[in-house]
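Residue numbering begins at 1 within each chain, and the chains themselves are lettered A, B, C and D in the order written.
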Amino acid sequence: MKDVQSEKDHRNIPINKVGIRNLRIPIVVRDQQNKTQPTIADVNMYVNLPHHYRGTHMSRFGEILHRYAHDLSLETLLSILEEMKNRFECEEAHIEIRFPYFLVKSAPVSGAKSYMEYLCSVKASLGERLSLVMEVEVPIHSLCPCSKEISSYGAHNQRGVVRIQAKTSSFVWFEELITIAEKNASAPLFAILKRSDEKYITEKAYMNAKFVEDTARDIALALNRDERILWYQVEVENYESIHNHNAYAAIIKEKDNEN
Amino acid sequence: MKDVQSEKDHRNIPINKVGIRNLRIPIVVRDQQNKTQPTIADVNMYVNLPHHYRGTHMSRFGEILHRYAHDLSLETLLSILEEMKNRFECEEAHIEIRFPYFLVKSAPVSGAKSYMEYLCSVKASLGERLSLVMEVEVPIHSLCPCSKEISSYGAHNQRGVVRIQAKTSSFVWFEELITIAEKNASAPLFAILKRSDEKYITEKAYMNAKFVEDTARDIALALNRDERILWYQVEVENYESIHNHNAYAAIIKEKDNEN
Amino acid sequence: MKDVQSEKDHRNIPINKVGIRNLRIPIVVRDQQNKTQPTIADVNMYVNLPHHYRGTHMSRFGEILHRYAHDLSLETLLSILEEMKNRFECEEAHIEIRFPYFLVKSAPVSGAKSYMEYLCSVKASLGERLSLVMEVEVPIHSLCPCSKEISSYGAHNQRGVVRIQAKTSSFVWFEELITIAEKNASAPLFAILKRSDEKYITEKAYMNAKFVEDTARDIALALNRDERILWYQVEVENYESIHNHNAYAAIIKEKDNEN
Amino acid sequence: MKDVQSEKDHRNIPINKVGIRNLRIPIVVRDQQNKTQPTIADVNMYVNLPHHYRGTHMSRFGEILHRYAHDLSLETLLSILEEMKNRFECEEAHIEIRFPYFLVKSAPVSGAKSYMEYLCSVKASLGERLSLVMEVEVPIHSLCPCSKEISSYGAHNQRGVVRIQAKTSSFVWFEELITIAEKNASAPLFAILKRSDEKYITEKAYMNAKFVEDTARDIALALNRDERILWYQVEVENYESIHNHNAYAAIIKEKDNEN
């Protein structure tokens, strides 16, 4: 059968990224507590395409991914990227893997155990060297310092989300980034809270009022202290309970020691 | 050209609904304050298909809709359904129109004016007679009575949404259903609140703590009192600020006087 | 601590459904090929609330679910509902569980194996007796018979989705409903297709042109023949490649033998 | 009332962006054919926050926006950004406005008129000088050259989307970018097509087979020729009808003449 993709292209335009998006696949990832965790990923894979080739053989992306999906780690991610570079004969290979990740948490007073979901992702590119960005989305509770200060009683509070992206020089667990996000919110969230826990969380948040600006800065302080982190972006977004739009703060930092 | 859709079908299976979904179109609807309001609709249109026809001529749905979109009202909605019945030679015609609807609201203390968005929809069917369901989705503020009661200070609160569906015997404005939803929440939402407003809303909500169950019941009481409403379903869903899942309550009522 | 939820309510309005929505949790379900499959669920749980109680103890939903999530089956689903009825002292308990479900499929010519994702759900209610609805969403390929007939070459085709809901008298695998959907489309989908497979699928679909009406009717014929199925609704929706809206057909059937 | 936001902050961390997201508001934009077009926007607005301020006065974003929403143009966009810089006493102001935009199109043979929706957005920042990126999302029809070549009859085709982002040196209409996207697809989409049109589009697409790579390159050629465009990113994504994932190509180009 004719190989249309391999035809010579005369438009003289190289393509930065060509590949597949939103491939859904069951994967197994590393878990700090339980060694491994089965989950479900949404995957994008791209390569660069030199100007003289017309097209890409798209089925190869899935073939490579299917071979490694049962054991995804930093090592196998690198193997995927190397295999992409070899198989596509390209200069740059990219993979983006996004998946729900669950931790078992204990309620603060009753100790009731429940699962919390965090959206995690890894974006890795291999050109001359590896570039790797980890990302977590952590749902949080936030209570408004202004509302607390000016009101005779109460203070508006709401669900929010912290998104941390980080480039690192050595291995970091998703659990570590999640902990940083939850510790610096007005309070963390739980799937199961008994009444004693609800009292505890309500009072804790009230004593720990934070703007999106405060949460972003406190997380930035923690990320600044971690020498493994070379670059980060932290975003905090509150689903304001008194508005139908969101409050937002973002801090981006390239540390001097990045090379 | 051959008319494949009009071929005789021998499978002996009538189709309940056949048509188009997610047709996007600019429309103009009636507005209580300003007479008309331009907005953008997401439209579904269906007819029943008798067992002996193979297919439907889908382009006719859009043709009919495009003729009436610039002036949608109860009258033109009925005209659309009648034209569908005539043009498709069918027993039942259905249309579902969903659109954002904006009201200008004044903040409670400063009077600052801003737009609030409400998702509205109309589901109308014409068989032997007309069936019409109006629906509004109203974002609200809710504050938890249990958290308030058991905590030494503060109370968790959050954004929520009230969804009211209603069948009516005579004309009801979307504005009326929106008002019922907002009045029975812990507090309404606004796009612009100055500090004096924020204090007012924070304190009002604290003094007006409501479970999803409370809001649903209070709205049900208001809908029970309105004799134009023959049937309703009210749903209240809170995006709990201490959990990553939602609290929910639903009340469905068919009044005796419906005929 | 005061139990606000258990306060007496004087509004005299019973609530049809009160509970939690969008609780996310890792679960294990039964798999026809591999006995079990780990996946991630989105769960709604409700009970009815008599008019004289003010509120529901929401944490109990999660507690019950967490105890059974590691082994969901028809048996444990019934246990969950019974435990809900006991724990909440209610007349009706409802659970809705929605999850991605993966099957390994072999490409039609090359035999290349890959995962396909299907969205599955179960909606179960226990009042005086059990009501259970299974649902699958199956992505398909559909090719338009009209376009094929009137055009000198080619025919527009597109991705679509088949949604089957079914009430059954005895056990049915999700795999069985998925197979019915895929067999009655113009062609099934695969995550990995080599060029020989692509040729096969392209030609198969061209020889197997189907309107949404055709696919819905052919699936209905298959569901009519299956005596375990007492009631069904089949919906077919094509993401038309020549329009930016979708074509849609729905057939609903209550069989006479349902009791 | 105390102004908590204006408190001095000692963490020594400047915030890159602080503001509001997903504010929904009716707007009026410029329209090449009809001078103006009412639509509905989703708006993000941010400013930078120096390290010594604790917080931002979020209500000011909405106040500024509400004053200009009835007439959005390049001029008023600049006014918004200048007013943000003045009011917040900041170095950088950002606004992102995303809205559906409708064009009336005539079917290619019958001339039947219908509305097509395009998602448009503008991202503008004002620091020392103005940076402005326009973006359009254009739904298209694409037909696979490989499938056509290797199959005895037919060829798989599907809905896709072209996303063009462009920085320009002088005014460009959204209509111009939309035309470039539609002309370089296998075929454009329409909301209403009669049978003669469907035949025309089916045959046109079959004679005009294009990979995502082809469409991206042909659009890049057109954007290269337009001297007003200083930088662009074009993305093409096909909702593959034989897969449940998408094919994707992206070309990014910074022209030499950008200063």
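The criterion applied here is as follows: a contact is a pair of C-beta atoms (placed from the backbone, for glycine too) under 8 Å apart; a residue touches a chain by one contact, two chains touch by 3 or more.
Predicted model, so just to flag it, every value in this text is computed and none were measured.
Enquirer: Can you tell me which chain lies farthest from chain B, using the average of the Cα atoms as each chain's centre?
Expert: A
Enquirer: Mind checking the rotation angle between the two copies, chain C and chain D? C-alpha superposition, nearest 5 degrees is fine.
Expert: It is a rotation of 180 degrees, to the nearest 5.
Enquirer: At what distance in angstrom does the C-alpha mean of chain B lie from that of chain A?
Expert: 35
Enquirer: From the C-alpha centre of chain A to that of chain D, how far is it in Å?
Expert: The answer is 25 Å.
Enquirer: Which chain C residues reach two or more other chains?
Expert: 1, 23-24, 117, 146, 150, 191, 193, 195, 199, 244-245
Enquirer: Using the touch definition from the top, list the residues of chain C that touch chain A in their complex.
Expert: On the chain C side, the touching residues are 1, 3, 23-26, 38-40, 59, 62-63, 66, 100, 102, 112-115, 117, 191-196, 199.
Enquirer: Under the stated contact criterion, what part of chain B meets chain C in this complex?
Expert: Interface residues on the chain B side: 1-2, 4-5, 9, 11, 13-24, 44, 46, 49, 54-56, 58, 145-146, 149-150, 211-214, 216-218, 220-221, 237, 244-252.
Enquirer: Going by the contact rule set out above, which residues of chain B touch chain A in the complex?
Expert: Residues 116-117, 139, 141-143, 146-147, 150-159, 187, 189-191, 193, 195, 198-199, 201-203, 205-207, 239-245 of chain B touch chain A in their complex.
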